[in-house]
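Two complexes, one shared chain (chain A), two partners (chain B, chain C).
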Partner chain A sequence: STCSSPSLSSTSFTTQDGTILTNIAYVSQFKLTCDGEVADIPLYAEVGGKPLSVVKSKETNSYVVSWLEETKKAPRGNFEIKVYDDEGYAAVRKAQRNGEDTSSVQPLGVVILNHPGAYNGPWINSELAAVIVAFGVLYYALTTKTKLEA
Partner chain B sequence: MTQKQKALSKEEEILLQDFSRNVSTKSNALFYGNAFIVSAIPIWLFWRIHFMDLLTSSPLFLIITCLSTYLVSFAYKKTKFVLKHKVAVKREDAISREISKMIAEDKKMNKKEKDERVLWKKNEVSDYEATTFSIFYNNAVFLAVVIGLSFFILKSFSPSFNYILSVGLSSGLIALLSTGTK
Partner chain C sequence: MCINKNCLNLTGPFTMDNWLKICLVVVFAVATTGNEEASPAKLLFSKQILNKYIVEGMDIVIKYSLFNVGGTAALDVQVADNTFGPQDFDVVGGQLKVTIDRIPPGSNATHVVVIRPSKFGYFNFTAAEVTYLPSEDAAEALVGLSSEPGQGAIVPFKEYDRKFSPHLLDWLSFAVMSMPSLVLPFALWYSSKTKYEAILTQKKDK
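Take a look at the complex of A and B:
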């Protein structure tokens, strides 16, 4: 089934706090309308040349795409999620098999996901800061005692 | 004869106080009170950060806190005694000048009484300064060693063992250092 005049609306979620995590999650939820009506066709997605499975929720008629990246390697910024229908995706797979550039295939739509970056914990952890302060005070106490005994 | 004896004994009293290792009741209360507070601080650290259960570990906390209180106040007293004389020597000139200025107009006071006043004031000032500095210095060493031991050196031990060793060794260390006769 093909979709004419496709329109995509999306919301995205990304992990904001990576302090105790090994991976950052990128999740994009979008709705597809064809000719003004909500579509129910199977879709395929691709991000940065990587194919992703698209899950459809029956209750809300929305599609969800998600993937994980390691916290240390997780890049921030805008990600283009190319959404294809059956035909489009078949064309992409054919181009990949033939070693051709997949950007020649026009996607149904592009969803932009923005990841502002995740918090990875403080620069100095608290016990190091406590030790630095404690030994600073100790140093002052020692030097004052030496002066008194001089 | 008895008046002379009384006057001598007053001077002797001040000198005895000066050279005595015994602390007054007020100083004692101050030392034990401070020692208890400082010894109790690591309990909070181990309860909230190392996740030791307060109720089940309370006998251990109590025993170690009491031992640490005793050792820390021992350190306070020893350090104070050693420092008192160093402080007295340093402050002697300034105190003599201050007392002389204060009693310059009072011609009735003889030299002996003036010297007595200077001696008494010197004792008071050096006692106070030595007490407060001893508390500050010993607290600084104790807390720095507890933090250093519990977070870095004894990190991989169980929390109870970590607590016993870090507080025990710190209070033992300051007690030992205070017995130095520099």
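Take a look at the complex of A and C:
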């Protein structure tokens, strides 16, 4: 069962506060229409060469892919999720086994997920900044005083 | 019965008839128990909370992992997590009820859901359910439960903010309040210094 004229529409979500989480979650929910009708065929997905589990949500009639990265290493930016059907994915696996480049296999579609980056706390602790400013003022005062006394 | 001078002792209980019966029994036993590769699918299901702190109004990341330890693929795997009621939690990423068509033997599937609690307090994170068909011609679906993360405390946002926010406004007001005791003496000295230097330069010019 191949999909003719496939079109993907997607919404994505990434967690954006890294201070309370051990892993950042990247979730993309997309709908596939083949020839204008909503499709229910099995799909396979890959991001950056890593295979993803594709699950279906019957309530929203859509597919969901998700993965996690450690907070410290979570890269930001655009991620290309390549979606394949049965045939396409079999071709990808065959190319991997033969050591060929998998980008030669045309995916059914590509879903873009954007992660703007997670907030990992302020660059400088505000208490540290206050101490630095206080020391700065003290230094200025002391040097001026010694200049006067000299 | 003799073959090349090796004779089977076919007397007493070891008649040809009995040998044949014994052979049939043995063959039958091997045939029914020897076929181990088609063992039905069995899913191990774990649910993990990937948070350092759980704060009211901030994300909770939940990871569901399914692993098939059986010999055949698990079909029509339906995962449902009914433990997060809509009045206490908002789902912001992923879905709590999903279906996976097929999990091949020896492979796993993961799913991530992000929710936000709308209330604070102690919450017991209990198990999610999974139902699946252990083989293609299985009559009934098997039901399983995930691991339970256990009880966790959802911290009110005010407490989290008090501990972890940078308090920039507080530091700014501290700086403003400590200004008078520093700036006033400095201003006095600076004004008299410039006046003194002005007088000095005037004298020099003369």
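Here is the rule we use: the second predicted complex is superposed on the first by the 123 of 150 C-alpha atoms of A that agree within 3 Å, B and C clash if a C-alpha of one lies under 4 Å from a C-alpha of the other, contacts with A are read in each partner's own complex, and residues count from 1 in each chain.
Methods note: a contact is a pair of C-beta atoms (placed from the backbone, for glycine too) under 8 Å apart; a residue touches a chain by one contact, two chains touch by 3 or more.
Predicted model, so just to flag it, every value in this text is computed and none were measured.
Novice: Should A:Glu149 be classified as contacting the first partner (chain B), the second (chain C), both, or neither?
Specialist: A:Glu149 contacts chain B only, not chain C.
Novice: Kindly classify A:Val137 by the partners it touches after superposition: chain B alone (first), chain C alone (second), both, or neither?
Specialist: both
Novice: Who does A:Phe13 touch here: chain B (first), chain C (second), both, or neither?
Specialist: So A:Phe13 only meets chain C here.
Novice: Which partner, chain B or chain C, is in contact with more residues of chain A?
Specialist: More residues of chain A are touched by C.
Novice: Enumerate the residues of chain A that count as touching chain B in its complex and touching chain C in the other.
Specialist: In the superposed arrangement, which is not itself an observed complex, chain A uses residues 130, 137 for both chain B and chain C.
Novice: Along chain B, where are the residues that touch chain A in the complex?
Specialist: Listed in rising order, the residues are 83, 86-87, 90, 133, 136-137, 140-141, 143-144, 147-148, 151-152, 182.
Novice: Sort out for me which residues of chain C touch chain A in the complex.
Specialist: Against chain A, the touching part of chain C is residues 50-55, 58-59, 61, 63, 79, 92-95, 97-102, 108-114, 160, 164, 166-168, 171, 174-175, 182.
Novice: Along chain A, where are the residues that touch chain C in the complex?
Specialist: By the definition above, chain A touches chain C via 13-17, 19-27, 29, 42, 53, 55-60, 64, 66-68, 121-122, 125-126, 129-130, 133, 137.
Novice: Using the touch definition from the top, list the residues of chain A that touch chain B in their complex.
Specialist: 127, 130-131, 134-135, 137-138, 140-141, 144-145, 148-149
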